[in-house]
Each structure stands twice: as structure tokens, then as C-alpha cells.
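I've put the structures underneath this note.
The two complexes that follow have chain A in common; it is paired with chain B in the first and with chain C in the second.
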Partner chain A sequence: MNTIGNRRYNLLVFLAFIIPASVAIVYAFYVPFIMNIYYAFTQWNGIQKVPTFNGIDNFREILREDDRFGAAALFTFRYGVFYIVLVNALSLFLAILLDQNLKTKNALRAAFYIPNILSLVIVGFIWKFMFMFGSDALGDLTKWRVFQLSWLGDRFLSFYSVLFVSIWQSVGFYTVIYIAGLQSIPNDILEAATIDGAGSAIRFLRVTLPMLMPSVTSCFFFSLISSVRVFDVIVSLTGAGPGRATASVTFDIYTEAFTNNRYGYATAKTLLLFVVVLIISIVQVRAFKNREVEV
Partner chain B sequence: MRRRSAGLVLLEVLLVLFALVFLYPIILICINSLKPFSEIMTRLFSLPRKLALENYSTAWTVINYPRLFLNNLVITVVGVAGIIAVSAFAAYKLSRTKTKYSWTIFILCITPMIIPFQTTMITLLKLAKMMSLSDSVLGLAVQYWGFGAPFAIFIYHGFIKTIPRELDESAIVDGATPFVAFLRIIFPLLKSVTSTIIVLDIMWIWNDFLLPLIMVNGSKSTRTLSLAVYSFFGQYNTNWQFAIAALVLAVFPSILYFLLMQKYIVKGVTAGAVKG
Partner chain C sequence: MRAVKRPLIMLFLLLTTCMLFAQAGTTIKWFAFSPENMDAYNALIAAYHQVEPNVKIDIESVQADYPTQLKLKLNSGNAPDIFVGTLGEIKLFSEYSADLTGEPFVKNILPALIGDVTLDGKIVGLPVKQDVEGIIYNKKAFADAGITTLPRTFAELEAAFKKIQANGQTPVTSGLKEWWVYKHVFNHFMGAETADMHGLADQFIAGTTHFKDHPALLRYFDMIDLLVKYGLPRPLEVDFNAEMAAIGSHKVAMITGQGNWAEDGIKKIDPSIQLGMFGLPTGDDPSKARIVAGPGHAWRVYKDSKSLAAVKKFLNFWYNPSTNATYFTDGIHAFSPLKNAPAPKLDIAAQALDAINKGNVYAWASNFSPDSFHQRFGELVQDYISGARSRAQTIEEIEKAWIKLGPG
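Right, the complex of A and B next:
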């Protein structure tokens, strides 16, 4: 009797501790997610009470007829590949430089981090201003062709503008993580490698980089997640233009739902996005798991 | 102490110059926010001839700055406080209870971390309308609890594992309720993790755009600063002098926050990333 009472008490305590968080998470994610699965198979304009069931019509249309979604998917994929590679390479390079014995290293680290504390929408507007007025003024001043190009108005160039601004905003974030990783590498291991005759290139590839793998894993993961989500900077910098040249998947989903009022159709797209993100995450975790070295 | 080589000095000079170029857009925006439009067009790189303070007074009143600043503050404070409260309790109990169910619940709690918000935003808006949480500043703040809790629970869970069980168990044996034992004994030991989560979540919620955009953009009085700047650019897209003054007003709190909390932010980012 006593143990049953005890068990019930423990269960009540357990529930009291976890229910507030569970309710919040179930509200924010699980209920909308389940609703998503339902609406993905319907035609729904967001207002009508009972959506019309239409089977797999939405998915068929997305995969067969929706050129905009295809273009957005291609944009997001290209953006993701460029962003992940470039932001990691640049921030690792910057981290190595800032890890040297510099007098101003704290101020420098802070300087490169500053754009990261600004909201991405605001960063987009700052650079819209730069591309509109700054590059014109620089073009008049220097007569260089780089500044006379239409960085936001050209279908080909606007991709690189979005990429550049995203990297400018976030490079400091990844640099901070890489610096912490570099500092956690014990000095004696590097010295031992030097004594064994390793040059600086070999030392970096064979010692520093493998020891840095936990940071690389984190940074790849973060950059992957943020490239799939890219939205804010596009809205403010290019408005997905010119035409829809810089529309990402998330932007396409947003306009499909909130501009075109095709809510059911848009939820089908979100479901596809979810499946893709899940697959990428699983692959990523598998791929990096056996590359890390234990110290 | 090794002597600093010439190469190192050169590197330092180059890096400082690069940092100035890197931050130049922000500096340029601040300078130009004080000029009339004609001067922005003709003398972009020079200092203002005459201070056009009316840029700021216009931006200040048009976006109703004090009101929106307060909105941001309420959303951030209520959001972050709630995330800390619900997550610390849940992570503690989930970490201390070693059963299959407890582990499953933990995994279910942290899974949403990797899922982009955009995958659920459409039906979330419908749900928020049904629960009367949309179009309200407090309603928006409360919704951040569920979005912030997965990461916070993940970080807390990992840290609580390293705290010896004997600490809270002996307090309970001495007659403290589990609630008091947690608050008095364990929670104070979580100070460093708590500050990491607070620092990261403040930056995230203060700057967030998409969730406020779908939840509170309907009325001028419920907007956040980012939303106000966004609609300001839409409305006044020819009056750049007002728009960039609004931009500087929106950026200012973030920069101030960074300068004051720099040490904690860097520590928080590192701690959060290494655990994540």
C-alpha cells in the first residue's frame, strides 16, 4: 500500500515537473505538425471551416507542375552548398588568424562578431542601402566595373549578393566556435608534432584539423540548418527578386500560404521540406559520428 | 615571452584594416542617417554638413519607437523567463528519472530543435488563432516557450547529469519537497548554463522576424522593432533618410547589449555550440 502510494506520489511529482514544458512544446511543434499532415492532403484556403480532401493531388502538383517550387528548391540547394562551404572555410581561416598572439585580438574578435547580433532583416536593409547607394558612389569614384554592376537587379548576381550578405552576418558566429575549438587543442600535441618534423601544413592537416572535428561538426550542423531556413535576409535584401530569382523554399512556402492563400497546398510543401530535413540530419549525424577523435 | 615578429605585426595591421572595412556598412549607415536625402545621393562618404536630426524625430514618431521598444522588451523578458522556468524543471526531472519513458520524452522534447520553423508555421497560425494567442504581444511571448524549450532542455539535461544525485536526494531525506530541493539546491548550481541560455535566447527573440510577422503584424500597436523597420521600408522606399534613421534606432539596443554583455555572449555561443 505504502509503495503504491509512493509510486503515485513520484509519478505526480514527475508530471508536475515536466508538464509545463511538454504543453509548450506540444503546442509549438507537435499539434501544428499533426495538423500539417492532415491539411497536406486537402484543398484549403485558410478561411473555409472544412477543407476539401483531395488525396495526393497537392504532392502530384508540386512534383510535376510547380516550376516555382522547383526553382526555389534549386536555389536553396545551391545556396546551401555555397554557404556551408564558404562560411566554414572563411571562419576557420579567420579563427586561425585571430588565434595568433595579437595585441588587439579581443577587439578584433568582437568586431567580426558584431553583425551577428543584428537581426537578419535589418542586415538585409543595411546591405540594400550599400548596394543601391554605396556601389554607385564607389563606381563613380573608382570607375571599377565591379561597382557598376547591378548586384540586386541581375538574376545571376543577386544570388551572390544574398550569399555574401548571409556570410557577412554570420561569419563571426562560426569564428567564435572555431577559436574555442583551436584553444582546446593541447599545445604539447602540436609541439610534439613539430619535434617529429611536421611542417606547418602537415601539422594543420594531421593534428589541428582532426582535433577540431567537434567544432567542425557543430559548425556544419548550424550552417546546414540556417541555410535550409534562409528567409529573413531574402525578404529584406532582394524581396526574392529580380523576378523570383532569389526565392528560397521557405520563401515559396510563405508566399504560397500567406499571399496566394493556398494553405493546403503550402502545407504539402512543408511536409516535403520536413522529410528532406530529416533525411539530411540523419545522414549528417551518421557521416560525422565516426570522424571525431577522442582525446 | 617570445618576441613578436614583424610578420605578426603586419598581420595585425592587416586584420585591423580588414575589420574596419568589414564594419564600414554599419558606420556608413549611422553617418548617413544624419543627412538630408540630397546629401546621401551626392556626398555619401563624407560627414554631414548640417545635422538632419528631423530624420530621427520623424522615424521615432512614425514607428512609435517607445511603444515598440516596450513590445520587444515584454516579448523578450516574458519569453526568456518562461523558457528558463519550464525547461529547468523538465530537464531536471527527465535527467534524474532513469526510465525508458523518461528517455523517450526527452528525445521528443529536443527533436523540434532540428526542424525549421517554416515547416509548421501555417498550421501554427491557425492553432494560435483558435487559442487567441495571435495579434497579442503577450500571446506571442508565451509561444516562445515552446520554441525555446527544446534547446534549453537539451543544454540543461546534459549539465544536470554531471551534478551528483546525493545533493538533492539528501535534501529530500531531510524533509524538503522535491520542488524546494530543486529550487534551493540544484537550480543555483545551474547558474552558468542558465546564463548561456539567457544570453542566446535574448538575441534570438529580440531579433526574430518570421514568428512576429505572422502573429502580430496586423496592428501597428503590437508590432516589434524589426517588423516596424520592415514595413517602414515598404512605405517610405523613396525616403531613405527616414528609413535608415529607423534602422539605426532598431540596431542601437542590440549594439548596446553586445557591448555590455560581450564576454557572456562569446562564452554563451561557445558553450551552446559545443554542447549542441
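Right, the complex of A and C next:
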């Protein structure tokens, strides 16, 4: 067989498999992204047939005048920090618990994972009902102070309500990843550590955790991205209320584009968000990759 | 036989294609809002089907995010043939609205409403309906609390609140979670301040005037304080559904910021409740406590629609009291925008119609600013209620927002 013909044939087969998917991705993802960059430099209300070009005015306005975007960015940052730390700590804790030989292990694992299957919008509505009417009813019954607080109507508490609901919904997902990570740690290393006299705390910190680093990297990365993209739970639970206390960056961009009819301006915000998230992700993944240990 | 076969097949194919095209008919895409009126829309479509069986009307109805979905449809080439916008958005949609001047149904519409749907001398919309808004109250609760005359000043209103409290009921709730309740209540204060509300709104948009120059507007915040003080606990958690539930289940005696569109929901909770409506007091002058009445939205027809002629025919059927008698009053429970129409079968209709006929109403000032401003307005007053900003700071932010978002 002629090797050159073989190579060309292989190339053609390769392209035949790749091209349909690539065309779809380019059309649905890269082309809109390029168009996004174009619209970020225009002033457009989403309805006029032709947008008007206005240079870097949008970016100037975001950085100098837009205090609502600043407040939303601050909210997203606080939410991100709390969410990433809490969800990873909680799911790691649950993974360790559920990795032991309990009789109800499988049922418990399913129970913790099920909220993750529900759509965030439905979860938001259920918890909205619980926070409003449920806590009303429980408050009447028990007269406890905690039920009489305004979990969705108080600026300070609504942050924790949103955090709670999204952690409740997603903890199962991270638990599953950590369980898989825990199960991939070879037993002989742990036995060797026990023989050498390591207590359970030291075993966890010096053996388990370093070997779990790949899972930790993935989970941290996932939780970082989901916390920046938080939107569904805010819309269904608080509507970004009260006032704008629970508005995240994505919510601010959404209302700017579709309610305020400032499509070009909102697109400029999304570009800024993209750059920030890109930088944070690169830094985070690099930092964690350095700590991974392989056997 | 062979010689005949081929031309026969060709003829058969030709005939079938012709039949298919003839039966294709036209489709009208109708993108509606207020899904609670779906029954009325479907009844109208069914009635029209009797008259024009070849026309298919595809209706889609959403409430949440209607503006977002409309923008998506207009930009993706799926523009609906009939869509809705607020009266204030007439310029926004001018590139997409068909000219309806000279159509037969135009003469059926109340002359007072034509101005709001006219741009540069062309009629580009149809008023959807007329809404009324004010304080809706439970007549029996008022009688039980010993309230014999309807309050028309702040002092009388507070006295009424106290009487209801003494009778063991929460006086009022206002759905303060919803951003649009704030513009409805504010409407009364715009009307109390001036007869030229459009001019006043334009001045705020241009930044040439301030709240402090208009004392009647400042009393809006006194009203908000009053509503929070005598309202349900956790005021910022009460949304529209909770508000209707509160009055329907007799938890409160009055609700504010609502109108004819709320009665149906309240009646579903307690069909035996007797409701009435009176104008929100705006200060110490009893003559300035009026109900707000008028149209708020307009149906618009897509200018480049392929079924434009069919749509116009449908509109002639729809906005015609002889062919479509009960749609406005019984179907969508609202006041009709057509001439000589009867009142809707609502409890509040009697008092509202009385006020309308005496001319003792305010127009919808909220038509003169875009909803993007009103949403921001609602958020700012919510911040005021939760104590995040003082009254002066809130007013300053409102003035800034009016300038930034006013032009739309």
C-alpha cells in the first residue's frame, strides 16, 4: 500500500468525523463570540434595526459610573468565596462519611444527589415557598425567632438564603466526585501510613488530601465557574431582591440588556466578565496543578 | 397505455401541489401577554374560525420576561404578526409597527384613546383595554370596623387603618415585592401634582426639574411609610399572588397598587367576597384622591408581516362590538376601549365607572416613562423601605435614573 495515499485517506476520514461537529461549534459558539465583541463597542437597544458605533464609551461608563455593576460584582465575589469554600468542605465531609461501610450508604448517596437532578428554577420556587409560607406556618407553631426573620426580604439574610439553596442543590454533585476520588486512593498507602504510626487526622492531611488533589482541582474549578454564573436560583428565589441586594453580575447584565434596552452596554459588561473569569481560572488551575501528587 | 401513463402522473402531481397550496391558507402568529386571559383569547380565536376557517391563528402567551422574548423574536426573523408593548414604547417599536390608519375598526375605538397610539399622524397600535387602579377594599370588613365614609385624605386613611386594627385585622398590604406596584401608587401623586403629567415626566427625563420643586410628589414617601407601618410583617416578601391571597383569605381589609386585573384571582380564593374601589389619598386635599383609569398597553402589528391583510381582517373582527361583544368585559375582565361599551362584570366596576363618567380620574402617568425606569424606581424605593438609603438619597437616585433611563 502506498503510504502517502494511506495518510491522505486517514486525513479525510479524520476530517469527515471532525467537520460536522466543528461547524456546529463555530456557528453556535465562536461566531456569536466574535459578534459579541463587535456589539460591545456599539450602542444598541435590541430593537432598532441598526446599532450605532460608540467606541469605548461603554467600557468607560462601566468602570467609572456604574455603581450597580460594582455592587453586583461585589455580591458575586462574596457569594463565590462563601460558595466555593462551603460547598467543597461540606461535600468532602459528606464524601468521607458516605465512603465508610454504612448499611444505608447507597440510599444516603442517592438522597444527597437527588436535589442536583432538579432544575434550579424549580428548586428556587420550592424554597421560596418554604421561606415565605413554610416559615410563616412554623413560626406560628413554634414561635421561634428564626422562623419570624425575613429570609427573603432582609438585605442581610437574603444573601444567606441564596447561598443555602444553591449549596443544597449542588452539594451532591461534588460529593460524587470526591467519593470517586477517595475510592481511587490505593489502600496499601493508607495501611502503610497506619503502620508507621499516623493517626487518622495526619493520615487525612498528609496522605488522603494530597492524593485527592485532582478531584479538588476539578471541584474547585467547577464551583468557581458555577458561582460566577449564578443566575437561575437568584431569579426564582429572590428576583434579585429586596431592592437589588442579591443581584449577581449575570443578573445585572441580563437586566441591562433586556429590561433597560441597552444591549451594546450589556455586551461590553460580558466581555469584561469573560476576561476576569479567564484570568482567575488560569491562575487557579495552575496553582492547584502544582500540588497534585501522582503515585 | 404507456403513452397516457406519464402525462397522467404529471397531471396528478400538478393537481396535488395546487390543492396543497390552495388549502395552505394563512397563519397569524399572535404573541400575547397576560396568560390568565388565555381562555378569552382562545374563545376569540374559535369565534373567528367560524367566520374565516382558512386562517390559522397561532397564539403564544407569556408574562414573565415578555420584553426579552419579544426582542429575541424580532431579532431572529421570527417576528410575531401581533405583539404588545406599553403605550410609552411607541417610538421604540416604530420600525416594526404597521400603519393602521383608515382601517374600519379605528372608528370603533374611543376617540380619547387614539392620541396615545398615534405617532407622526399614523395610528400604529390598538389600545389593549382600559384598566383602573386604586385601593381595593373588602366592603364587609369596612362595615364591621365601622367605617362609613371612604377615606380621601391621609388623616382619614390612617383613621380607617386604626379602626380596622382595632377590629383585629391587618389594615392593608401592597405587594411591595413587585416593582410595578411602586409606579402604580406613584401615579396618583403625579396626578395630584399637575394636570400635565406628560410634561412633568418629560421635565424629569430632561433633568430640568427636581422632586423638591413638587411638594405633592414628596408625599409619596409618606404614603409608603404609612403602607409599611399598617401592612403585613415582612413587607418586601409580599408579591402579587400573596397580595391577592391576603385579601381573599380576609387577612387584610385593603390592597393597594392593584386594579381590575386582580379581582379574578381574589374571587377564586373567596367567591363570596364583596369588593369595592376608591382613589388613593394623596395628601390633605380630598378632591385629589382619584382612581387611575385608562389604557396601558397597545397591540401592534408587524409591518413586514406576510399575513398583513389577514391580520387586518382579524382586527376588524376583534375590535368590532357587533361581532365580538363580550371579549373585553366578560372575557378579559377589563374596561373596553371601544365606544358605548358596557361595564365589565366586576365588583369594582360600579365605583370605577362612576368615577370615569364624572371625569374624576387620573390617566396612567406611567405611560410617559419606559418600564426600564420604573423597574429601577421600584428597586430604589424597596431599598428605602429596607433602610438602605435615606429619603433624600433615594430621591437623588430616582432623579438620576430618570435622566439615564428615561429616554428608553
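Quick note on the criterion: the second predicted complex is superposed on the first by the 280 of 295 C-alpha atoms of A that agree within 3 Å, B and C clash if a C-alpha of one lies under 4 Å from a C-alpha of the other, contacts with A are read in each partner's own complex, and residues count from 1 in each chain.
Keep this in mind: a residue touches a chain if its C-beta (ideal position, glycine included) is under 8 Å from a C-beta of that chain, and two chains touch if they have at least 3 such contacts.
Bear in mind that the values here come from a model prediction, so they are computed numbers and not experimental data.
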| item | value |
| --- | --- |
| Chain touching more of chain A, residue-wise (chain B, chain C) | B |
| First (chain B), second (chain C), both or neither touched by A:258 | both |
| Contacts of A:46 with chain B and chain C, given as first, second, both or neither | both |
| Chain B versus chain C as contact partner of A:117, first or second or both or neither | first |
| First (chain B), second (chain C), both or neither touched by A:21 | first |
| Chain B versus chain C as contact partner of A:57, first or second or both or neither | neither |
| Contacts of A:101 with chain B and chain C, given as first, second, both or neither | first |
| Intersection of the chain A residues that touch chain B with those that touch chain C | 46, 258 |
| Chain C to chain A touching residues, read off their complex | 65, 67-68, 71, 74-75, 92-93, 95-96, 177, 233-237, 242, 370-372, 375-376, 379-380, 382-383, 385-386, 388, 405, 408 |
| Residue ranges of chain B in contact with chain A within the complex | 2, 4, 8, 11-12, 15-16, 19, 22-23, 25-26, 28-29, 32, 40-41, 44-45, 82, 85-87, 89-94, 97, 102, 105, 108-109, 111-112, 114-124, 126-127, 131, 143, 145-147, 149-150, 153, 178-179, 182, 203, 206-210, 214, 226, 229-230, 233, 240, 243-244, 247, 250-251, 254-255, 257-258, 262, 265-266, 269-270, 273-274, 276 |
| Footprint of chain B on chain A - complex, ascending | 13-14, 16-18, 20-33, 35-36, 39, 46, 97-98, 100-104, 108-115, 117-122, 125-127, 129-130, 133-134, 137, 141, 168, 173, 176-177, 180, 214-215, 218-219, 221-222, 225, 228-229, 231-232, 235-236, 250, 253-254, 257-258, 263, 266-267, 270-271, 273-274, 277, 281 |
| Residues of chain A defined as touching chain C within the complex | 45-49, 132, 148, 150, 152-155, 239, 241-245, 255, 258-261 |
